[in-house]
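For clarity, chains are labelled A, B, C and D in written order, and residue numbers in each chain start from 1.
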Amino acid sequence: MSETRKQEQTTTHKIGIYLWIWGLLFVLSFFSYMVDWYQFQGLLRWSLILLFMFLKAGLIMAFFMHLFWERYALVNVLLWPMTAIGCFIFLMVAEFKYTVFTRFFYFVVGG
Amino acid sequence: MSDPKIEGYEFKPGFKGMAQDTGSDQTMFKGVHWGKAMMWIFLLSDTFIFSCFLISYMKGRGSTLIDWPNPSEVFALHVGGVDVPLLLIAIMTFVLITSSGTMALAVKYGYEKNRKMCGWLILATAIGGLTFVGMQAFEWSKLIHEGVRPWENPFGAKQFGSFFFMITGFHGTHVSIGVIFLFIYAYKTFKGHYDEGKRGWFTTMKGNYVEIEILGLYWHFVDLVWVFIFAFFYLW
Amino acid sequence: MSDEYENKTGYQAQSSETIGGGGSGTVSDVDHVRPAEIPEQDLYHGHSFITKWIFCQDAKVIGVQYFLLATFTGIIGLILSWLMRLQLGFPEAAGFMTAEHYYQFVTMHGMIMVVYFLTALFLGGFGNYLIPLMVGARDMVFPYLNMVSFWSFFVAVGVLLASFFVPGGPTGAGWTLYPPQAILEGTPGSGMGILLMCISLVLFVAGFTMGGLNYLITVLQARTRGMTLMRMPLTVWGIFTATILAMLAFPALLVGGLMMTLDNVLGTSFFMPTILKAGEVLEYGGGSPILFQHLFWFFGHPEVYIVALPAFGIISDLISVHSRKNIFGYRMMVWAIVGIGGLSFFVWAHHMYVSGMNPWFGFFFATTTLIIAVPTAMKVYNWVLTLWRGNIRLNVVMLWCLGFIVTFVNGGLTGLFLGNVTVDVPLSDTYFVIAHFHMVMGIAPLMVIMGAVYHWFPLVAGRFLDETLGKWHFWLTFLGAYSIYFPMHYLGFIGVPRRYFEMYDSPYVASAVGMNEFISIAAFIVGAAQLILIFNIIKTLKIGKPAGHNPWQANSLEWVTPSVPPEHGNWGEKLPVVHRWPYDFSVPGAKEDFITQTTPPSEVIETEVEKT
Amino acid sequence: MHPGIIFFLVILGSLLFHIFTPWYWTDIASNWGGMDSTITLTFWVTGIVFIAVCLFMVYCIFKFSYKKDRKAEYKPDDKKLEKILTLVTTLGVIALLAPGLMIWNQYVSVPKNALEVDVMAWQWGWQYRLPGEDGKLGTTQVININDNNPFGINLDDPYGKDDVLIQSDVINLENNQPVKILLRSVDVLHNWYVPQFRAKMDAVPGIVTYYWFEPNKIGKYEVLCAEYCGVGHYAMRGGVEVQSKENYNNWISEQETFNDLIAKQKNIEFENKKIVKNNNFLLNKETYKEE
């Protein structure tokens, strides 16, 4: 089995893809900066921030980190643990709401 | 990367391929270098670290009764007589994305065995990273100058300073480590270690351009984390 | 290597590898295994004493190093538990102990046993030794990193033990290290002690991450030809899943520890609300102590399974080998391990039912917690069903397995009390909890460790441990430990709270005095009984009966190495090729009652083997 | 001796211990009898499983211990059996979980007529506050706590002025009157726990936690701290006295309210000022002399 097969040469992608993604990242960053610039508030602000954030993160992961071209076996392993994070976030939102409620109720307003 | 060729193994696409890869012998990630697989798992673990930081930040920010300072104002720069919100942060984001792009190209040229191009691009990435760290140092000193400390904060809730210095500090440490490795890898690339298959210092593995991709993964991850920090800390 | 594959239909050929009965194709067809994907691993062979035995890159040596160091810290933990039991059972004899000492011992005992003993022993010790052997690799994939992993652990232990000698002594905050008390005066070791504890944990996590990456990539990417995931012994499955849990759970501990250190050293207020201490308001404000508890248990609950899953895996193999029968429902076992591992990230706050968190969490966590009971129960059923119609060798290894089943079933079922939110309310923070977790993640995994030591010692040292001594060791440990923890549940029913330095002035716990004395005596005996093992090992190394190849007639790969004990590189010239799962015991039609994983189908053509 | 016999004796011993144990829970003195029944139910279910599994194991090692000429059965799995076992286990788990969740629902939903009791914990002691005539407790802040305001009541909160302050670690409760325990801590975690009431909850600094119960047996009970809180944890005791309505009303009418305290403080302050004045006078005299 000595020195059998080495990945002979990994095929690479055209430079255009990288430049495109690069450009898109700049544009998206610019957009998210604009969210602050125009001082959008409330739900609109938050949803825009999240939208641009996930788009950017998705582009980086999919193309710069090559996940788009990787086999699902790898992608699958990487994405499942995120459910635990999701659960953690979800519960901590409920938790901080509860904390801030008790603080507000028992230390400030009362009644 | 597109499917590698493996003797005696026919790749199936999509989810069928996933089941096939998972059920096969020898490797689960077909054609994925050990080091690359390791880096992915490491990044997964690191994701949990940063997630825990950000979740703590969310919990901390959400449960304080004192007002959270408006990051847009705190991080504004005074340029030409006007306060430009988040200017420095915008430039830092720009720099980091630029370096991420150069890194992606370096990986590509590395696999194409274009040593010169690859080396220069890594060097460019390293310089980008260094710029980022420098600007972060400037930002820190500006805030410290204004009286923000890990334990106190003149603009509002104490936790603002604590979380700011901790999270950006931890991210900055990642960037700095990355920069050190980028310089080392640039040196190794120019020296041709990856063409010759020279063994590394602490490993019996032979040098291979896949190492550039591994470092690239780390670097993109640092960029990725910044995307989240930018959104949650500076914009929210 | 026999690369005699005529048809190159690739994966097709492998999956249609019908074994026996079918009679389709030639012998070489039947035996065909896909050629190697991965090039041979280059290994660094040590040539001096230091590179061979100290800064060694051989996973087997590192495994033994982990094992010895973890055992050493474990013995310290054991001594601490003796001191605690002395105080609880015979306070007048423990006059030298102050409350500070007691709480420091409680804390260090807990932390040492959970993290530095059990985790390090199962993953660092058994993981390093067994994973490469069982999956047919020459070594871990990153030997250098593996070595650094051990030495980080070494430094972590050093820092941990150093805290005994700093001013103020080690931390006495309880192993959960809850702030605010962990870093406030009024708790022993609130200055240097807790700082060193956090540093030590960070070092441990860093070292463990290096090791853990090795275990994962070795299992995922460096298996030998023919070794599919579903042909791995359950030991590997257990350690593998536990390592995944560790990689994802330790970050939360790291973050929690780091933030608490900042609170302690820099005066940040992550976990510190406004606090009035000795009539003065401290500089803290606005933080949330519950956040630490969430972070801690987001780590802490998977940690329980980090200890339990390797034990599950190892016990499955031991039971199977020594009852000469395949493990019942292998697939179910694998899915149970994976399922338990996955679910363990969604149950953490069942440790916090009465912590003052959002009360509605109780519904969510009680439900998820009790769901975990189902796969766990399936595992238990499968263990006892493996015994059913087996051919059970009642040797020492099997005794440990049986001891495990009894203690684990007992401890697992009391988990149903504590996981069910309503029942937990009266029982939490009482001795019921102590009894439960000692039974289920103290004694039960210990039974597995001991069984594994008796089982694999012939491989590691080439000699059998003495059976008679082993039986004494087992019965003293099992009966002693059971009589410590079984009655202890009932102290919890009375309502005796845990972490009480002394408690005898409460009228309704006066009857507990006698029980405490009994428990303490039993604890002294059980601890002392471990000396038998040490004596046994020393004796065996000198005059033990040589074991030779495959002394237990087992199937898995670690027993087919060309030399016993295996050398660096494990396999000599050629890597083994795997043709079957490791549980082909007592196959109808086979000459022997076992068929090793490397036996090609053509050699056992007339048997009716399960296709795996 | 065959190991099976010893294992059998261990199981038998466990069973007998459970039946004849003198160590069992204290007589319940609150409305949480449901918790006890859930425990009893859990005991039945888990006890049966424990005995069944262990006896099966013992049977196996008697019946199937090693014989050279016997071969074990080769049966990798049995889908049907596994399905049945999964189903049975799931049913058992549901049987345990359902009552658990139902009682938890009662536990977190406090009845409207519950009397709020503010339990304030510190290292290492307790003190209590009851609402005054307005039936409401005033808001508090740790930062307000000082000798004149031992409970840290916000002075501008009108509800706080008539609060009944009990600066003792023993509190009296009225029999059959639900109480909502509001827990707060000024320093570290604590837990106000009376074993006879079954219920408990941590006191966490920075927030207020709660639970409720209805004492239904007149008597004196000991309060224990059930969350580790530093060196004095084991000594952090308090007391509860459950009384009939008349006795309770008598008791509460003798207690001091915050208004009383403020008035008293004013008097003392007045006296103190006098003393301070005198002292200063004397001091000045002395320094004057020295110079």
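Definition applied: a residue touches a chain if its C-beta (ideal position, glycine included) is under 8 Å from a C-beta of that chain, and two chains touch if they have at least 3 such contacts.
Note that this is a predicted model, so its numbers are computed, not measured.
Novice: Does A-D or A-C have more contacting C-beta pairs?
Specialist: Taking the two pairs in turn, the one with more contacts turns out to be A-C.
Novice: Which chain has its Cα centroid closest to the overall Cα centroid?
Specialist: Chain nearest the centroid of all protein C-alpha atoms: C.
Novice: Between subunit B and subunit D, tell me the centre distance in angstrom, where each centre is the average of that chain's C-alpha atoms.
Specialist: Roughly 47 Å, centre to centre.
Novice: List the centre-to-centre spacing of subunit A and subunit D in whole Å, with centres computed as mean CA coordinates.
Specialist: The separation of the two C-alpha centroids amounts to 42 Å.
Novice: If you average the Cα atoms of subunit A and of subunit C to get two centres, how far apart are those centres in Å?
Specialist: It comes to 34 Å between the two C-alpha centres.
Novice: Measuring centre to centre with CA averages, how many angstrom lie between subunit B and subunit C?
Specialist: Going by mean C-alpha positions, subunit B sits 33 Å from subunit C.
Novice: Can you tell me which residues of subunit C touch two or more of the remaining chains?
Specialist: Touching at least two other chains: 35-37, 248, 286-288, 290-291, 294, 298, 360.
Novice: Quick one: which residues in subunit B touch 2 or more of the other chains?
Specialist: Within subunit B, residues 6-7, 22, 28-32, 37, 44, 48, 51-52, 59, 63-65 contact more than one other chain.
Novice: So which bits of subunit A are touching at least two other chains?
Specialist: Those would be 4-5, 81, 88, 92, 95-97, 99, 103, 107-108.
Novice: Which category does the touching pattern between chains fall into here: line, ring, star, complete, or other?
Specialist: other
Novice: Check the chains against each other and report every pair that touches.
Specialist: According to the stated criterion, the contacting chain pairs are A-B, A-C, A-D, B-C, C-D.
Novice: Which bits of subunit D are touching subunit A when the two form their complex?
Specialist: For this pair, the touching residues of subunit D are 136-141, 154, 157, 159-160, 182, 184, 206-209.
Novice: Along subunit C, where are the residues that touch subunit A in the complex?
Specialist: Contact set of subunit C toward subunit A: 1, 35-37, 39-40, 248, 288, 290-291, 294, 298, 342, 345-346, 349, 357-358, 360-361, 364, 574-575.
Novice: Mind listing the subunit B positions that touch subunit A in their complex?
Specialist: Touch list, subunit B to subunit A: 1-7, 11, 14-15, 17-18, 21-22, 28-33, 37, 40, 44, 47-48, 51-52, 55, 58-59, 61-65, 72, 85-86, 90, 93-94, 97, 100-101, 103-105, 108, 111-112, 210, 213, 216-217, 220-221, 223-224, 227-228, 230-231, 234-236.
Novice: What does subunit A use to touch subunit D in their complex?
Specialist: 99, 102-103, 105-111
Novice: In their shared complex, at which residues does subunit C touch subunit D?
Specialist: Those in contact with subunit D are residues 99-100, 103, 172-174, 178, 180-181, 184, 186-188, 273-277, 281, 286-290, 323-326, 328-332, 354-356, 359-360, 362-363, 366-367, 370-371, 373-374, 377-378, 380-381, 384-385, 387-394, 398-399, 402, 405-406, 409-410, 413-414, 416-417, 420-423, 425-430, 475, 479, 482, 486-487, 490-491, 493-495, 497-503, 506-508, 511-512, 515, 583, 585-588, 593, 608, 610.
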